[in-house]
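Across the two complexes that follow, chain A remains constant while its partner is chain B and subsequently chain C.
Moving on, here comes the complex of A and B:
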């Protein structure tokens, strides 16, 4: 019989591994699939917590993670780039991939250390540092990447981190489901509306205009 | 009777902008314009009523008001009203707008509603939703003029502001898991012990909400969004959106009670000083007059944050500064809108002689420039003076010195550039429209409010702001 803590730790490590993978990937299509897998893993974790704790809120959050961030947003993003799915990538990224990967590992270690020093005693939950690490990984991606679509991945990773933290630390947080719905609405606005306007205004969905939108 | 009237006004201030947003999708342009104008005036009337009644308290588990929220409500609805009235003439001049007037007015009112909502809720989670809703409502307003640079600005704004707000949400999760409540009034009344997780939550809230306030180094979205948005929207961004985000941070900051732990006080102080100084220096090298005004707003937010961190009379100064700045800056943006319509450019080096070609707008802009940078006798001067005095009283004269340096640099930078455009030799194409300086009335109306805060406020507004300052643990002069 697998203990609940072991499931939480195992899936949490899986989420962390996807975060590290996303940092070292420069092609956009695998990045989209990577964030979908991360959201799916988060959905599994939330579903497990919902089942063991009989929480309807957590079940809804699990459903949202899977339906919106693992399926809908990746589907819309892949449609946006379908004409050039196999070649769209972060420009000039090849020589930076190693740097991104090293920076990601460094940030993860520092975040883990900071959490242990400041918050671990107040939040002794299994894998309690992981949401904090994931939040900083999302920020790192937003700060270091220039491609619009990759920045969306950073935003989604941040959202996953917040939902993860809410589920682990703050069950009973008033209106948390509504808050997450709001974050998802913003994600949809980001990918569905503003990127579409970009295509409408510039007249092309090609890579170069998208890459001009540096963060 | 008073309670019933206060309840009515509270619902009025919420319903008026939301109803205006819904009614703005009416099939005729004239009707949507009317809905926004009437809705904004009703919201302003309701906000003034709440301030006059001093209606402090809670309404159910999620709504609540105190003097601080009432002062901010008057400011937000006031700028919403003048921007709604100014929009008609601005929309007329936009070639191939991306949004129809109906959608524009609906989003403008929804934007105002999101800010009002942030101020009237007592739950920090709902407050966060309100601040996030301002991003959703206002992002599309930036792309009104259908330029690639507008889209880029909207993109940066949405992404950076949302990333910051995600950090703010993380802060609220830490706060809730430590205290078990998110009721801002309950937390302020019974401040929990300032443990490390709570201090961490406040620090993360500073970074998170600070992104939307435009604090250095998370400010990069601010000059782009302010410069690319249509002028009435820029006025709302600079005048009231940044203070709304500051308000949300202040509600979390209050959780620490008084005295604030020195680690957090110095952190807030450091962000404030860095923001004010960096903005003051950056605005010297701006080539676009709208970006110049944007950096000036950033400098004012830095000064306000310094006032909050210093405490005492400086908190009062910070609130006076923010209130007067909102009206003065909106006057400056309406002037900028008139100039942009007439000259077709935002480049400072292409403009000159506006005092002769557009005398009313030019004069208004000159005065607005002085007002936003703290010239006496405007309220901004009083606010900045009290921040310096507060810093000295708190035993932080070096902070007062740095504030004076930032104020002087910003004053010289803004006024020399505006002065050159208004009083310098005529350059660029001759003014086309509006020939009659349309909209100059709103410029002077807002400047009058900024002036009143400085001069005539002692009789009425000053006590109200003093109450607001005491809600933050500060004091009146």
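Moving on, here comes the complex of A and C:
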């Protein structure tokens, strides 16, 4: 018999694996699919927690995570790059898979050490460090990428981490559902409006001011 | 010492020696099918081997003693490995206590190193180029192997492949633990790289990207035959360890009898056919990566192995 903790652990590691994939991928279209898979796994985790704890709130959140994060936002993002879906990628030659994959693992290990030193006693749940690790993975992606679309995905990964943490630690917390819905709406606005404006004004999702500083 | 154990010992070594060319032959034939070719007979490696052993051996005048001795040392290493890892028995046979997992890794390292030294000793630029390429990628593959050992040790608390096999066969939760799943994935990627499969290397072709064949460019006749046999044994051993320790630890007869061991050979062959299918699907579906991208492939393998140990630290379940 597989215990509940083990399911949570397996899905948690699956989410971590998608984070590693997102770090080492430079093409945008597979990145969007990657974030969709990550959100789907998050939905599965929320669904499992809802099932074991008979919680309607969590079941609603699982549905929301799948509908908004795994389906709607990836759909909108793919529409954004519809015209040149197969070619769009990070343009910087400095992007190396080896470096990014190893940096991702290094950041994960650092995040775990920090978690052990600071928060571990407050959150003793199985895999309690994983949301924290995922949050820093999103931050790493925001910091190392120059493409706005990819940065949006880093932001979505951070949101996923917040939802993940909420699901593990803040069950029954009254504002939890509202916070997640707010993040969903923010994500939709971000990808639907801001990216469209940027595309219409500059014609490219690349951040040009950053390039000026690279020398 | 129990005479049955001694016989099983010999049978296991003979299994590796005699069936490793067959595995290579089946792989070549299955690969040919995916390319709509009839392909060579599955016994072609045996014919090749017989031919190599008959042919005259030419040795470059500038080469030294290492050039001639290396194939034998490597052959001896693989033969020793073949009696210390679980291949046809789920219980340790007499030689198994000689080394643990790390020792097995070191023996693989010894065989690889003498092959490299022989390539350098040949005095040929092509062989030296093959050697330098191999080491520059091995520098990324070796850490993965070490971390895989760590992960195995983490799962069982020992560094013994037989204990790992028994634990994984008896505990589904240990088998499904993230640590084990990740380390299996990492080992599979390493298997592809070490046995010269796509996407790392398209073996057998005289092309610029060759790694394994580049090193034995100058060897001929009997020495080349031994090197070829070494390559097949290495592939057989790695596939067996991958199957019996990581992927399919179940299904072996545990009775310490000769009949049980012989039955396990048939079971191993059936498992190996599964690996052949997987390898052929991989070879038929992925393209060869550029030479400098092999590092990325190995870095991915290393990251997975590292994550497996990390998963244990974070989740606390083996």
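Convention: the second predicted complex is superposed on the first by the 197 of 215 C-alpha atoms of A that agree within 3 Å, B and C clash if a C-alpha of one lies under 4 Å from a C-alpha of the other, contacts with A are read in each partner's own complex, and residues count from 1 in each chain.
Basically, a residue touches a chain if its C-beta (ideal position, glycine included) is under 8 Å from a C-beta of that chain, and two chains touch if they have at least 3 such contacts.
No experiment lies behind these values; they were computed from the predicted model shown.
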**Q.** chain C versus chain B on the shared chain A, clash or fit after superposition
**A.** fit
Q. Does the superposition put A:6 against chain B (first), chain C (second), both, or neither?
A. second
**Q.** Partner chain(s) touched by A:126 [first = chain B, second = chain C, both, neither]
**A.** second
**Q.** Minimal inter-chain CA distance - chain C and chain B, angstrom
**A.** 18
(Q) Output the chain A positions appearing in both contact lists, the one against chain B and the one against chain C. (A) none
Q. What part of chain A is in contact with chain C in the complex they form?
A. 2-3, 5-6, 9-10, 12-13, 16-17, 20, 24, 96-98, 101-102, 104-105, 108-109, 112, 126-127, 129-130, 133
Q. For chain A, which residues are in contact with chain B within the complex?
A. 118-119, 122-123, 131-132, 135, 138-139, 142, 148, 151-152, 154-155, 158-159, 161-162, 165-166, 169-170, 172-176, 178-179, 182-183, 185-186, 189-190, 193-194, 197-198, 201-202, 209, 212-213, 215
Q | Partner chain A, residues of chain C touching it in the complex | A | 172-173, 176-178, 181-182, 293, 295-296, 299-300, 302-303, 306-307, 310-311, 313-317
Q) Given the complex with chain A, which residues does chain B contribute to the contact? A) 98, 123, 125-126, 128-129, 132-133, 135-136, 139-140, 143, 146-148, 150-152, 154-156, 158-160, 162-163, 166-167, 169-170, 172-174, 176-178, 182, 195-197, 200
